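In the two assemblies presented below, chain A is common to both, partnered first by chain B and then by chain C.
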Partner chain A sequence: MDAADFVNLLVSALLLAGIYAAMSVGMTIIYGVMKIVNLAHAGFLMLGAYYVLELHERLNIDPLVGSVLAFPVFLLAGMLVHWTLVKRIPVSDQPTLASLLLMFGLWLVLQNIGYLIWGSSDRSILTSRTLSSMHLGPITIPTVRVIVFIPAVCSLGLLEFVLRKTWYGRAVRALMQNRYAGRLAGIPVEKMARLTFGVGIGFAGAAGGLLAQLYSFSPDFGHGFLLRSFVIIVLGGLESFWGAAAGALVLALVETFSILVLPAGYQPAIAFSLLVLALVLLPGGIAGIFAKKHRWA
Partner chain B sequence: MKMKWLSALALVGLLLAGFGAPNATSNPAAVAAKDIPVGVVLPLTGREAKPGQFQKEGIELAIKQINEKGGIFVRELNQKLQLREVFYDDGSDQAKSAGLAERAMSSDDVVAVLGGYSTALGEAESVMPDRYQTPWITTGAAATSIFNRGYQWIFGTLSPVDLLGYTTAEFLGTLVDTGKLRKGLKVALALENTDHGVDYGNGIKKWIQERGGYFTVVFSESFDLGSPDFSGLLQKVKNAHADIFLADAHLQDYITMHRQYVQAGLHHTMISYGARGPETDARKALGDATDYIFAGIWWSKNLPYPQVKKFVDDYKGFTGREPDSWYAATAYEAVRGLAAAIEKGGALKKATIRDEMRKLDLRESLLPGQVLRFGKGGQVDTPFVIVQNKPGGRVDLVYPKDAANGEAVVPPAAQK
Partner chain C sequence: MAEALLRVEALDAAYDAVQVVWGLNLQVQAGTVTSLIGSNGAGKTTTMNVIAGTLPARRGEIIFRGEDITTKPPDLRVGMRLSLIPEQRQLWPRMTVEENLLLGAFPRRLRGKAKENLKNIYEMFPRLGERRKQYAGTLSGGEQQMCAIGRGLMAEPLLLMLDEPSLGLAPMLVDEIFHYVRVIAARGVTILLAAQNANYALQFSDYCYVMESGRIALEGRSEKLRCDHHVRRAYMGAAS
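For the complex of A and B:
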């Protein structure tokens, strides 16, 4: 492998990491505040993809703008789901069977809604930038990946700003550290949980819109990304946003570079192996390594 | 209390979703003595939903046409009986597919089961027919491994995939012979990690070995079915510096891989994704980027047979659109074959039907060669045809010569 190939792969991994991080941050925030493993995440990714497709096909709205518009719509949808379903689950410090079943059932319902509305055809968004690429000497970068990477990273930066500089963000971080202490300090836990669930789903919808620009999709869309999201948040340490970003980077780098030594057919095993390794060797995730020196969450 | 209700509801939902409820046509209570129940297990949801839908349409068209003529004459009953479809959606899930085939054979008392698209799902179903001694005709699984296990109750209307690989290489060989390609070109293979992919690669390598000097395989690797990202694999393909890129992929993987292929700026003189290429979904998703891709398929609507023209017209009348690639035709032929076997045997005994299927010699078949005949292992051995996408959404049948309605074209960009 020459230097150009190496840089090609590195750029590819970095671009992939950005979208992986945006895709998994919604799961992280929901788990952090409510200890709910959002198995319906894949369903909202799928709906986000179709939402952006519909905006593009019916109203001729650019998919990138559509992804941004998806955030508030899915935020409200998430709050509605919380208000009607999730708030009925007993509060716990650990993920419960009831929450797993509920979210899994919701995923199946979303999938079937998808089949009812859009049928089973593979759909995709074709724009002028879909098949174009940029050439920097011997390095080839797909334009659409760069276009998708920018809002993905910007959304993470915006989330970090909100978490650090706003009352909402401080409240979220407090609840992630200790829900009961947060309540004693006067944080309206129920309202915060509803809003945070909405934010998590908002991120899932927007990430689905971004993914729709990269991949074809059907109502079955999202399985593979759900597994990757699990790996990323476990690698990151479950409750840390920057941990999740670091997890996304690690997964993208390992997936991309492992192809040099492993046949492509083994690629799914890489994510599973990382999950097992993280659980055995890094139970606190990447964030846990730095926890003693600096609080990441 | 509310939580218990929620959990119970969720469990019921999961069970329903997991095992799949049959549609109205499959209600066992509706079983009447005066019809012939035929099980159909195909994916209408999940990643194989689209081809599954096309195959279901082919089956239902054939059943409709047979029933409109009064049904099938069963000699031992001295009457004509109508075919009745007992349909199950396997959701593109292997375990579910096997379970539903088992259910059709054991509980629904069908005389035969059709279905099993694709190879992965067909393989899962293929263990059931001998267990329940019920004829099973796969309309969409072609891997030779299914038919080489000595099963006695299985049949298939798709020719072996190694023949697809062999025909693909043979077609490229004709382009060398006619001066459109030069001898000694390098070939890169990307194969899905299923028996389908293995057979395809073996077929290509077999032809290349038999005809030394035509091509050299410089890269061959398998990839995971349904992978969202092929950039690493494509980087390896790029590094192989091959002239021809031959992949064996299912529809969704074809769309994803070719999109990333174009984004990565790859160029090859000739490109194929095995049996995929002309599908409408792919052309919509990728636009002009699918031009000049060629595919080896089991059937084409451009075959110059009168029965094919009639089938295309009938299918259009039935569904409102023309057949998309080969999917509906092989399913349609499976029903015709089954109906002919029942009529010839004159009985609804499964063993009689199986024996008649083995002896079947159905003329005016839609398939290339116009004869539906099951070989030793139960699989047909009809030739493949090669089609090529042309600009403007056209698809030409380009090989074999005697059936072609267009010329094979080496893409203008590749000739520069």
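For the complex of A and C:
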């Protein structure tokens, strides 16, 4: 492999990491605040993809704009799901079987709604960008990857800002670290949970729209991405955003560079192997490594 | 006597099937310091959590400012200016001291005044001001307690409940923390203080309840209880 190939792979890994991070962040925030592993995440990724497809085909709305438009719609849908279903399961500081079953069931329902409406054939979103590529010296990048990377990273930056600087964001971080203290400080936990569930689903919908510009999809879409999100979150230590970004980067690098040594058919096994490795070697995730060096109680 | 600021009546509290507080009656008069003493596992923390609303009452009533708050969620109680500074401080370790304090003013009514109140807290606890950008998890035990007290004060409570504020602190720091509690009381905040160490609590409070295995065993004016034979032997380390 020469240097240009290497740089090419590195750039595509970085671009991939951006979308991976945006894809997993919805799951991270929901887990952090509610300790619920949102297995239905994949279902909302899939719905996000079809939402953007429909907007594109019926109203000729650019899929990038469609992805941005997905956020508020899925946010409201998420809040509705919380209000009707999620709030009924007992609050816990640990993931509970009840919450896993509920989210898994919801995923199945969403999937079947998908089959009912769109059938089982593969769809994809084609625009003028889809087949074009950019050349920067020796590096060649598919344009659409860059176009998708930018909003992904912007949305993460925006989320980070909200988490640092707003009352809502600080309360989210507080609930992640100590829910009991949050209640004592007067944070209305159920309202916060509803809003956060909405934000998490909003991110899932938007990320689904972004992914739909890169991959073809069917109502079964999201399987592989659910597993990847899971790996990223576990690598990231489950409730840290920088950790999740680092996890996304690690996964993207490993996946991208593995094509040098592994046949494409083994690709799906990579995420799974990383998951097992992370669970065995890094119970605190990447953030856990740094935490040990500081005196974080 | 005027209507008490806080009145707890016939309160039962339980963790799932295990009942740990039985028929507790308690009153806190406005402008006073009331203490709740009792040994390990007597039920002080449980009682305070029920009053704060983080643990539901099994039976009984909690009346605060003349209003029945028994089933109100904790955030509404904070909104009514009832705050608990919990046992073990319960800070957010990976947030800065300033963020910890600011979140004490989360209820909407308080947000406008948060900056000003923050300044007052830093005046009261200069050490927190010096460490404002530091993660709360990196503070010493005494500083963590100050931060927890500061966070509670950000909500401008009328009634401040303190659960073992001296827990795990060196004797010198215990004095310092109680000095601050005295300052807060002098500003007119009503205080309900839970402690294992009866010496401090009795010196410090106007009225005292003694809890034993989930029930009020004894109550009275603190100066009287200080001379009580049973209290001296059981809680003040006096020889029998």
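Here is the rule we use: the second predicted complex is superposed on the first by the 291 of 297 C-alpha atoms of A that agree within 3 Å, B and C clash if a C-alpha of one lies under 4 Å from a C-alpha of the other, contacts with A are read in each partner's own complex, and residues count from 1 in each chain.
Operating definition for what follows: a residue touches a chain if its C-beta (ideal position, glycine included) is under 8 Å from a C-beta of that chain, and two chains touch if they have at least 3 such contacts.
Small disclaimer: the values here were computed from a predicted structure and weren't measured.
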Chain B and chain C placed together on chain A: clash or fit? fit
Query raised in the report: Touching A:R173, do we find chain B (first), chain C (second), both, or neither?
Result: second
Examine A:A181 and indicate which partner it touches, taking first as chain B and second as chain C; both and neither are also allowed.
second
Across chain A, the partner (chain B or chain C) reaching more residues is B
*Please indicate which partner A:E57 is in contact with in the superposed arrangement: first for chain B, second for chain C, both, or neither.*
neither
Contacts of A:A98 with chain B and chain C, given as first, second, both or neither:
first
**Message:** Just to be sure I read the superposition right, which of the two partners does A:L9 touch: chain B = first, chain C = second, or both, or neither?
**Reply:** first
TODO: Once the structures are superposed on A, label A:G265 by its partner contacts, choosing first (chain B), second (chain C), both or neither.
DONE: first
Rounded to whole Å, the nearest C-alpha atoms of chain B and chain C in the superposition sit apart by 15
Residue positions on chain C within touch of chain A in the complex are 52-54, 73-75, 78-79, 83-84, 86, 90-95, 99, 102-104, 106-107, 111, 135, 137-138, 151, 155
Within their complex, chain B touches chain A through residues 2-3, 6-7, 9-11, 13-14, 17, 44-47, 49-50, 52-53, 92, 190, 193, 221-224, 226-233, 235-236, 239, 251-252, 255-256, 259-260, 262-265, 281, 284-287, 289
Interface with chain C, chain A side, in the complex: residues 167, 170-171, 173-174, 177-178, 180-190, 294-297
Within the complex, chain B is touched by chain A residues 1, 5, 8-9, 12, 16, 88-90, 97-98, 101-102, 104-105, 108-109, 111-112, 115, 120-124, 126, 130-133, 135, 140, 142-145, 215-216, 218-220, 223-225, 255-256, 258-260, 263-268
